[in-house]
Structures are given as structure tokens and as C-alpha cells.
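Letters are used for the chains, namely A, B, C and D, taken in the order the chains are written, and counting of residues starts over at 1 for each.
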Amino acid sequence: MYDYVLSSIIFLPLAGFLVILFLPKNNFNLIRWVASIFSFVPMVISFYLIYDYFIVYSGSADMVYIEGPFKWISVINAEYFLGADGISVPLLALTGLLSFLSIIASFNIVNRVKEYFAFFLLLETGMMGVFCALDFFLFYVFWEVMLVPMYFLIGVWGGPRKEYAAIKFFLYTLFGSIFMLVAILVLYFTSEPHTLNMLTLIQTAPGLGHSLQLFCFAFLFVAFAIKVPVWPFHTWLPDAHVEAPTAVSVILAGVLLKMGTYGMLRISWPMFPEATRFFAIPVALLGLIAIIYGALVSMAQKDLKKLVAYSSVSHMGYCMLALGAWGSVTALAGCMFQMVSHGLITGALFLMVGVLYDRAHTREIAAFGGLGVKLPIFTGLMVLFSMASLGLPGMSGFISEFMVFIGSFSSFKLITALAVLGVVLTAGYMLRMVQRIFLGEFNMAKWGGLAEMNAREILMVAPLAALTVAIGVYPSPLSNVMKATLENLVNLVAR
Amino acid sequence: MLEYAYLIPLYPLLAFVLIIFFTRWKERLSSAIAILLVLLAFVHSVFVLVAMLGRHGAPVELSTPFIDHLIIKLELGMWIDALTAVMLLVVTIVSSCVQIYSLGYMHNDPRWSRYFAYLSLFTFSMLGLVIANNFFMIFIFWELVGLTSYLLIGFWFEKKTASDAGKKAFITTRIGDLGFIVGILILTFYVGTLNYQEIFEKVTSGTLSGGILAAAGIFIFCGAIGKSAQFPLHVWLPDAMEGPTPVSALIHAATMVAAGVYLVARAMTLFAGSATASMVVAVIGLITSFLAASIALTQNDIKRILAYSTVSQLGYMIMALGLYGVDYAHGHHSAGYVAGTFHLMTHAFFKALLFLGAGSVIHAVHTNDINDMGGLSRKMKTTTITFFIASLSIAGIFPLSGFWSKDEIVASTAGHPVFMVVTLLIAFMTAFYMFRLCFLTFTGEPRDKERFEHAHESPKSMTGPLTVLAFLSVFAGWVGLPWLHRGFSSFVYHDQVHHAGPHYILMIISTMVAVSGIGLAYTIYYKKVISADALARRFKVLYKLSFNKWYFDEIYDAIIIRPILGSTRVLWWFDANVVDGLVNLIGWLTVKWADLKMWFDRYIIDGTVNGLGYLCMAGSWMVKFIQSGSVQFYTLVVIGGAIGAVLYRVTEVGFYFYLIGLIIVALLSLLVKMTRPDRVGTEPNIEG
Amino acid sequence: MILENLSQLISDISTQPLFYLFSFVIIASAMCVVSLKNIFHSALFLILTLFAVAGIYILLHAEFLAVVQVLIYVGAVSVLIIFAIMLTSRLASKKIEQSNEQVTLGLFICVLFLLASVGSLTYTAWNTVDLPMIEHNILTIGKLLMTRYVLPFEVVSVVLLAALIGAVVLAREEKA
Amino acid sequence: MLQYLALSAILFAIGIFGVLTRRNAVGILMSLELMFNAANINLVVFNRFVGPDNLTGQIFALFVVVVAAAEAVVGLAIVLLLYRNWRGIDIDRINIMKW
């Protein structure tokens, strides 16, 4: 019965995309609900998948739910080849959840509703595909497929500087993709017989010469690093996040950034063990820079959304630090945890910012103050997510950061010790933000009209809050899901 | 009961969950739930203590894995020994008292339910911290305690100072936690476990020693520095007094700030293994204690005086524990460990009492400034009596509980002359500032008549806890009477029982010191024989230093906060202009390059194509005149051509000659056609 | 009979002067035809030319043709032309420019044509025979037309008919 | 013989000149007649000097005369039509087929 489970996750949103194209343009509710249904079903399947994986496969490092390889473009040996393991299954579930919540969060879009939801579903297809593809060409196709709807989602429904942000995002990512394409070509032509099958390449690519490995690794790294984004490739992120509509920011932060780190875990690390070992310290250093730098820059932000955006840079730095510590399962598990928890927390923060923006029509931190008086639920949730973001125990952020620290300390003592500083800096900017928005004197004249969150809004962040706390309190199921895969990964890198 | 001790923290957690999710709107019910469950925890703690007494302190451990596939095992568990049992009791007693007290103090607060929820969450965190059996778990609760402290300090968040203080507290303690994390990381890496007992076994067996042990100890002590407000991170605690007074009593006097001391006591084996680490601990404790006491001498805010007093007393405990570690590392036992933990317990009671008393006073006069008080003893009998009891206790007057614990601390400095002298000096200062506070607040003439008129004794819900705590302040110390052979020291101990026995000389000295301190305060502030102002003028520099808290806030602001905020702005500028500027520059250059290409494309490449087109058009424009529509012209051309052909055949002159000739003819004819004025009315006039 | 006698007469006397006379008339009047401003005068000169051509025919022993020339051209076509002129323009009164701007070129072409044709005439080796003309050529023509050339003859008559009908159709006033 | 042919050539050339230069449609027709005559002269001349034993040349000349007559009829009809539609028979004006 699992024969086509991954395909169904990938292509159900695409089907929804097609269905929406045939719906009447002015029937907003119909479009919204169709989009919700077509993202709800993949979400349910992805949840079932992670459950099933946990029950049945969590002890093995093999690819499961494999589809193919089916011949696709036989001239270049491109195949339709899908599969999932302990790395991709949690990310699939995360994607499913965030996509559904984002679509729910987009119900207040009134401009070009049909196109919006159509693009959104197309985007979901691309994201799901990236996490399932086991063929390089397929991977690349999904990677690019996701770009286009994202470009339009930012460029059409975005904020005042949307064109700039959209073009920047698109060009930047495309720039990276080209490096990836070069690396793919190198891999294709150096393999004998020529193949694009990732699983085969993981077996054969380490046989490449030292310099060629470094070359491919560096090229793929640029592509993934732009997506993560690693300092100094991060400047597209604040612009894109700030200008994008709320739901798109959620997807950007929650899923798209993960694709970079996922690519490293899935492709770069196992394929080029020698290069990984060679570049371990630079990667960790980049992580450290991102942590400290992102946090400091975030502290200087006046725009709430930009603050959250820069906090993403900082938080993804933990992933890079962990990736540098390739030899530790704990570090890699920490990286995975950080990916998931950052997706949940930052996604939620963006949703909350969106909720506030919908009401106040500004995101200027200095414009607010004392909202805690008027909006207790909103404040409570926002404080909760801020605390989760700054790594408070009991929430997923703490688990991931702690695991990253433990894992990478064995490889890099000084770098890790310095990275711990990030915890304080994060606390610094998060608390400043909370203080300036929610605490202090309440300006009744200006914000007296703000309404408390409505049921839809509470419902869309509640699952995120629940999962954040759940992972924070009881992380071991999630860690069991990825355990075997990561152990195998460490062995692959140690080759 | 003992094996279910892990339930103790869960009672208040249950209260928190119930209040937040279900009874937030029913205020009375919320507070009832909170108090009921904390009392339940108290009762359970009593049972645990009794059970522990029955086992003579033999520890109980229970644990469950948290994440188990890591390079180390992270687990959640409980470790109950004598220290834990005592702490559980102290925390639950103080917490219960404070929550009951809050019923009166917080009445009519708009966020009543939330207040009790936070208190419950705090109690949960604190109990979890106490009960933890490993460093990972203690760190978790350590942070949660920090969170609740943040929430409660900033409870009246409309006040800027309150929200600032909350933020300051959280961040400052978190700076200490950085060290704590690094310490934990060191332990993970070099020991491979975070479980107390496993680590301590490694230490006692000598597997872990030397520099790494010292580093681990010092880094872990950083956590204690932050949480227990030790120098140089003590600055947050006085500010934390912006929170509601019961909160100050519970968190910032009796329990949370004691967590640092508890941590040091709990990890005593680590410190005891390294004389360096222990010495650092002791010195930090001494500096803090002296610094805080010196600042407390001149403050005017009743709660701040108590806060500095707290810092000072915590320094005492830390110092005692540190000295114990030093002694132990050098191979001989001292009373330090018992002194520290004993003082931790007694201090909790009398400091909570002091704060609650101060709260009662504030509740009555609605001000924190002792210059606006005076003569309150006439209006607030219970408060005055309990406050004096607590003050006597903290000053170390026989036979109150503070006397016994402070005596032990003084005793533990035996063998360290510098420490002993400074300790006695601090004891003197403590007695002085406490009674300065008492005399200024409760005796003399009211300095603010209006406030005095409105002052009244607090309700029963507030005086009740005061009485209970006063009782404890008097008698709690008696469990550690030096003459008792099965007292506190034989219950809570490190490694082996060390029964010091009474030091009569020290007792006399310390009592004399305390009495002289009280006497000085009496002469200055009660009898007013010596003018306080004159003294202040006399020792102007010292007075200013003390009054301005040694300028720590200013120094930190100048050397840490401003540079960081400045660097954030610089980095933000850097990010927006240099990093992003680079990206935009590349984009701009690309666009310019594209413009150049476009220009080239438009004018050169396309220009060539278009030029050809224009050429063709021009040519055809000329040639089109051949198509004149004039039949005669066509005829001319035909005939001319025919003749040309004939001539060519006939004369056999070169083909090109004729071609050229023909072209000349054609051009001539064109010329004719083109020069011809178009005198044609072209529209056909079709009729009919 | 008279015609035959006439031709006999002409052949008897030297044909040279007559030829030059006719040639002069033909060339001069033809030039008038193409260059006179008054189209009516041109038409008159055309008639003169046609007469002179008929004279040439006689010199060449084509008496029947000469007669036909006079009958058809001078008698019919010329009249037709004159009618047309009178129908189409206020002729005599008009002294407008009757030739277009191609005069020079046309002249040039004509000169070239003359050069070419005269050149080719001169340089061609003409396969001439010095035989007398057939006697009774009118009789012979009649016979030939009815026998050997009967088909072209009929075709020509059809052509004439078609031209007749065509002319009527073309020139007919459209009824409103 | 040559002088006859020369005459014919001259006549033809004059006809050409007329066709090329006359502006009046009738004038063109008349020039055409001249050319027909030049051709006829040729036919007759060759009949006389090249093949005097038969009369083919003359008969063809006869046909030419007939065709010329027919041409004249049709041509003149067209001229009439032109005149009616264009209020004149100036060939120069009738150039609506130009570029």
C-alpha cells in the first residue's frame, strides 16, 4: 500500500493546483477550501508516514517507501526515483504541517486569490519533491520548480519593496542553483556508467580525486549555503522575509531554509566525505559567525519581521555548526532537531507577526508598547515562542541547541564555547523585543482598537505551540526516527 | 512516599496548567487551586523528610531516559538525599507562606490568576531543580526558574523599570548560564555523563582531576554566580525588587537565589576535588558578601536594602562552601559545608520573613523609601515584632536561628584569617544596616504624616504567614545546635559527618560584633546622638561609592551594554551596506553590463540588421518608381531591353558593357520618373 | 484590270523615284502623326501615311493589299479614329502638350532600334530570289484564302466578330 | 529590298516613338497603326523578294490588317470607356497601378 505514498504527497498539491485553475475566479471560499483540502491530505499522509516510519523502520538506515527508479529521460539516465529515510521523513511532516497552516493563514488574502492558492500548492509540490527525490535531476527539477511560485508569491502579494525582494531572492537562489548544476554535471560525467542516481553516487563519488571532490563539494555548498542561508550569503533572507506575505514568510523560514541543510545532509556530506572532513572547520566557523552576527544584527532591528528574519540567520548557524561536527551523531541529530524546531518556532513567530500586522498595519517595534494589557492571549503565545526561540528548556529550541552544543563540543571546543554566547545574545534581542512590544505603558488611544486573536488564528499557531512543547518535553521519538539514518551518515562521512 | 517524591514538583505544575487553561477567569478558584496544590507538595515534602530521617539520609535515585542515543545519556530523574529533602521542605514552606500572603497583598490585581499560575510554575521549577539527579535536568529547571523569575519581576510590566528589571535579570543570569553550559559540555566530553553520582565517582576515583576538573567546577560555578547574584553578576538582584514583594520574598530572597548555593553544595564533590575551583568560589563569595553589605549600608529603598542583604548572605554561604572545598582538597574537614547549607535553610526563613514584613509595610504606606516611614510600630504590631525577630536573627543574636548558622560560617573560616576578619566585618555591617532599617522604619516620629495616617495593620492572610515564618526564624536554627549530636550536621553532610562542636570564643566574638553593630545603629538612628549626614559628609568618597553601588551598573553600561548595542548597529550597518551592498553592487554591475550589452545589441547588432533593412527599403524606394503605373514607361523598358538584347547579339561587345548601359538607361529613366512632378489626380472618377 | 495595268505601268517606269516619293511621304507624315500637338491633325497625317503605304504595296506588286489598305485603313479605321477623337476631346481647340517626358529617352530608344535594325539588315545575308511576282495575284489570293488559309481566315472572322461584340459591350452606355 | 526594309524600320521606329511618347490614348493607337503598317510592309517586302512564288506574305498581311482593325475597334472602345470614367484620355493620369 506504500507503493505510491511519496508520489501522492508530492502530486496531490499539484492536482490541487490544477483543480484550482478550473475554479471560478470570484468564488474565494471555494478556492480557499479546495486549497486547504489539497494541503490537508498530504499533511495527514506525511504525519502517517512519520508515525509509520517510527513504528516500522526507525531501526534501519535504508531508504524506504522507494518508488522507482523508473526510466524518465533515458538520454541522460535521469530517473524518477523517490525514497525517504530518517532525515527526510521529519522534514516531510514539517512541510506538510506548515503548508497547511500557511494556507489557513492565507485566508485573509483577497487579492488574486485564485492565483495565490494555485502558486502555493505548486510550491508545496516543489518542496515535498525536494525532500523525496533520490535522482539528482529530479532533485534539481523540484528545487527549481519551487522557485517560480515563490517568486510570484513574494513579487505579487508582498510588501512595498516586493519586486526588489522577489528578484533578489530569485536571482540569488538561481545563482546558487547554477553552481549545483555544474557539480551535478561533474558528477554525471565522472561516473561510469553515467548516472544521476544519488544512492549510486554516494557509493561511487568518494572515488573521485581529492581536488575534484573539493570542487564539487564547494560548488554544492554554495548552492546550499545560499538557501540556508549561511553568512555572507544571507542578505536575500531579510528582504524576502520582510516583503513576503505572512504565510510565505512561514514557508520561507520553515521549509525553504531547511532545504539547504537537507541538501548538505543528503548529498554533500555522504557523497564527499573527504571534502567534508577537509572543510569541517570552515563550515563550523561559518556557523559561529552566523550565530553571533545574526544575533547582533537582529538586536539592531527596528522592524519586528526583520528581527525574526535575522534570528533565522542566527538559528540556522547552529545547524551549520553541527554540520561542521560531522563525526557526532548528536551534533547531526541536533542539526535535524534545530531544523524542525526552527521551522516550528520561526514559522509561528512569523504567523504571530502577521497577526499583529493585520491589526496594527505596522511592524515597527517602537510603535508598540504594553500590548500585554490588551492582548493577553497574543502576548502569551508570543512570549512562549520567543522563549522557545531563545532556547528555553521545555521547548524544542533548547533540545536542539543543547544537542548541537554537546555534539560539536567534542570537535570544536573554542568554537562551541563561543557559540554558546549566541544563547545570551538571542535572549537579549528576544527580550528587548518582548519588552518593547508587550510590556511597558499601554497606549490606549493608539492601540485601544486592537482585537484579540480570533479562533482561526489561535488554531493555526496552537499546533505549532503544542509541537514545540511536545518536542521539548519528550524528544526521544523524534530522535529515534533519525537515529539510525544519522549513524549511517556518520559512517559514510568517516569513510 | 519516597519513591513518589517526583510528584512533588508536579503538583504545582498541575496547578499552573489548570489555571492557565481552565480557571483563568475564576480568580478565587485559581488561587485556591494554587495554594491547595502547593500545600499538598508541602505535606508530601514533610513525608519525604520524615522518610529520609528514617533512612539516615541514604539517597534514593530514580531516572528515565530523555534522549538515549547520544554520545551521552540524557535522562530525567530524581535524587533524594538529606539536602534535597531539606530543600524541598524549605521551598514548599516558603512557597506556601508566600502564596497565602499574596492573597492579601495582591488583592484586586487585574492579573490575579496569572500571578498564581506563575507562582505555581516557579514552585514547580524550583522543586524540579532541587530534585534533579543530573546536570542536564538541573539546567533545564535552572532556566525555567529564570523564566518564571523574569515573568514575575516584570509582572507589573506597565512600569518600564519592572520590565527592564525582568529583562536584566534574565539576561544577566543567562550570562552566568553560559558558563554553566560550558561546564556541562566539559563534563559531557570528559566524563561522558551528566549524572551526579557517576561524575562524583569519577572525581573520587581520580579519573577526573586537575585542570579539567577545575575548569568544569569554575564554569559550573558561573551558573551559580548568575543565579545567586554573586559578584560580578550581582547587579540584577536589587533591580529585581521591582516585582511584587511576595515574589521578591519567594524568589529573590528565599529560594531561587539560593539555587546557586544549592548547586555548589550539590556539586560539592567537584569543588572539593579542586582547590583552585574552591578558592575561586570562596573568594567570589567573600567579595560579593562584602560588596553587598557595604552597599546596603547607605540605601534608602527598603527592598533594596534587603536585596543587598540577600546578596551579602548568599556570598556568606558561597564562601563557606568554597572554604570547605579548599579545606577538603587539602585533606582536612571543616564546618563549611554544613554551615553553608544550614545558613541556606535558616536564611530562607528569616529573609522571607523580612521581605514579607517589608511587603506588609509597603502595603501599608505605599512607598519603598524608608525616609518616608518611621514610627510604624505604633500601627503595625505584628509586622514590627516579626520584623525585629527576623532582623535579630540575621544579625546573629543568640538564640535565634541566624545565630547558629552564622556562627557555623564564622567557624568555617577558621584557618583562613583574612576570611575571618572580613566575615566579622560583614557581620558587623549586617547588624548595622538591618537595624538602621528597623529603626528608621518602625521607630521615631513618622516623617511622612499623610502616609502614616493611612497606614494600618495588614490582613490576616498576610500576618499569618509572618507569624509562621517568625516562629521558624526563631526555632529552625535549633535543629543545628552545636550540642546536638544527631542534629543538622549529622543529617546533611558531604562525604562524612563532621561534627564541629561549639566554639564559645567565636560565639562571643560574633555576638559582640553583632551587638556593636546594632548599638551603632541605635545611637545613630534611634538616639540620634551621631548625625548620619555628618558621617556621610565625613566619608564622602566611601559614602558615594556605597550609595551608588560601586558604580557597577554604570561601568557595565559603559563597557558591555553600550559596546554591544553599538556593535549591533555597526554590524547592522555593515550588513545592510557592505554585505548587502556587495550583493546589490554585483546586481548593479550586472545590470549596467547588461545595459552595455543592450546598447551594443541595439545599435551594433540590431543596427546591422536594421541597416540592411533600411538599405533594402531605400533601394526599393528608389526602384519602386519603376513601377510607375505608366504603361508607356513599361513599354519603353521592354523595348529598350529587347533592343539591348539585339544589340548584344549583333555587336558582340562584352556583356557587361550592355549591362552597364542598361543600368545607365534604367537609372536615367528613373531620374526622369522621379523628377517628374506628380501632376496626377489619381482618384478615378467613376460614375454610374 | 485597272489595277493590274497600274502596276504594270509602275513597274514599267522606274520604281526608284516613286519609292523615294512614297518613302518621304510615309516618313514625314508618320513623324507628323507622332509629334503634332493637335491630335486631329495627327489623324489626318495618319491617313496620309496609310495612303503612302498603300502606294508602297503597289510598288511591291501587292495590289490587292493596297486596295484593302485603302479600304480598311483609310476608309474604316481612320474614320473610326477621327470619331474617337471627336468624341473624346475638344480637339481642335486644345493646344496642350501631347507628348510626355519620355521624349528624349524614346528618341534614344528609337535611334538605337534603328541602328540595331539597320545594322542587322545590312549584315544579314538575305536569301533573296530574283523572280517575278506571280501573275494574277488577286485571283491567287482568293484561291489561297478559300483553300489553304481557310482556317486562319475563319478564325480571323471570328476575331473580328469578337472585337465587334467586345467593342459594343465596352463602349455601351451603362444604363443607370 | 534593303531600302524597303529600311523604310519599314524607320516607320516602326517612328511608331515606337509615338507609342512611347504620346500622351493621348488615341495618339498611341495611331502610333500602333503605324507599327502595324511597318510590319505589313515587311511582310509584303519579303513576299516580293524572298518568296515571290507564293503569296503567303500578302495573305498574312491581310490577316494583320484585319487584326489591326479589330484592335482598333476594341482599342477605341476602351478609349471611350476611359474617357467616360476619367474625364479625359490622358494616359499619364491613368497610373493607379503604380507602386
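Keep this in mind: a contact is a pair of C-beta atoms (placed from the backbone, for glycine too) under 8 Å apart; a residue touches a chain by one contact, two chains touch by 3 or more.
Predicted, not measured: the structure shown is a model, and the values here were computed from it.
Of all chain pairs, the one joined by the greatest number of contacting C-beta pairs is C-D. Our note on geometry: subunit C versus subunit D, Cα centroid distance of 8 Å, whole angstroms.
Taking each chain's centre as the mean of its C-alpha atoms, subunit B lies 119 Å from subunit D. Centres computed as Cα averages put subunit A at a distance of 103 Å from subunit C. Subunit A and subunit D have Cα centroids separated by 95 Å.
Within subunit D, contacts with two or more other chains are made by residues 16, 20-21, 91-92.
Multi-chain contact residues of subunit B (touching two or more other chains) are listed as 630, 632, 636, 639. Counting partner chains per residue, subunit A shows two or more touched chains at no residue at all.
Counting only pairs that meet the touch rule, the chains in contact are A-B, B-C, B-D, C-D. Within the complex, the subunit A residues that touch subunit B are 168, 171-172, 231-232, 234-236, 293, 296-297, 299-301, 328-330, 333, 370, 372-373, 376, 387, 392-394, 398-399, 402-403, 405-407, 409-410, 413, 416-417, 420-421, 423-424, 427-428, 431-432, 435, 438-442, 475-476, 479-480, 483. Residue ranges on subunit C touching subunit D, taken from their complex, read 19, 23, 26-27, 30-31, 33-34, 39, 42-43, 46, 49-50, 53, 56-57, 60-62, 64-65, 68-69, 72-73, 76-77, 80-81, 83-85, 87-89, 97-100, 102-103, 105-107, 109-111, 113-114, 117-118, 121-122, 126-129, 131-134, 137, 140-141, 144-145, 149, 152-153, 156, 159-160, 162-164, 166-168, 170-171. Only residues 624-625, 627-632, 635-636, 639, 679-682, 684-687 of subunit B touch subunit D when the two sit together in their complex. Taken in their complex, subunit D has these residues touching subunit B: 16, 19-21, 28, 84-87, 91-99.
Those residues of subunit C whose C-beta lies close enough to touch subunit B in the complex are 100-102, 105-106, 108-109, 112-113, 115-116, 119-120, 123, 174, 176.
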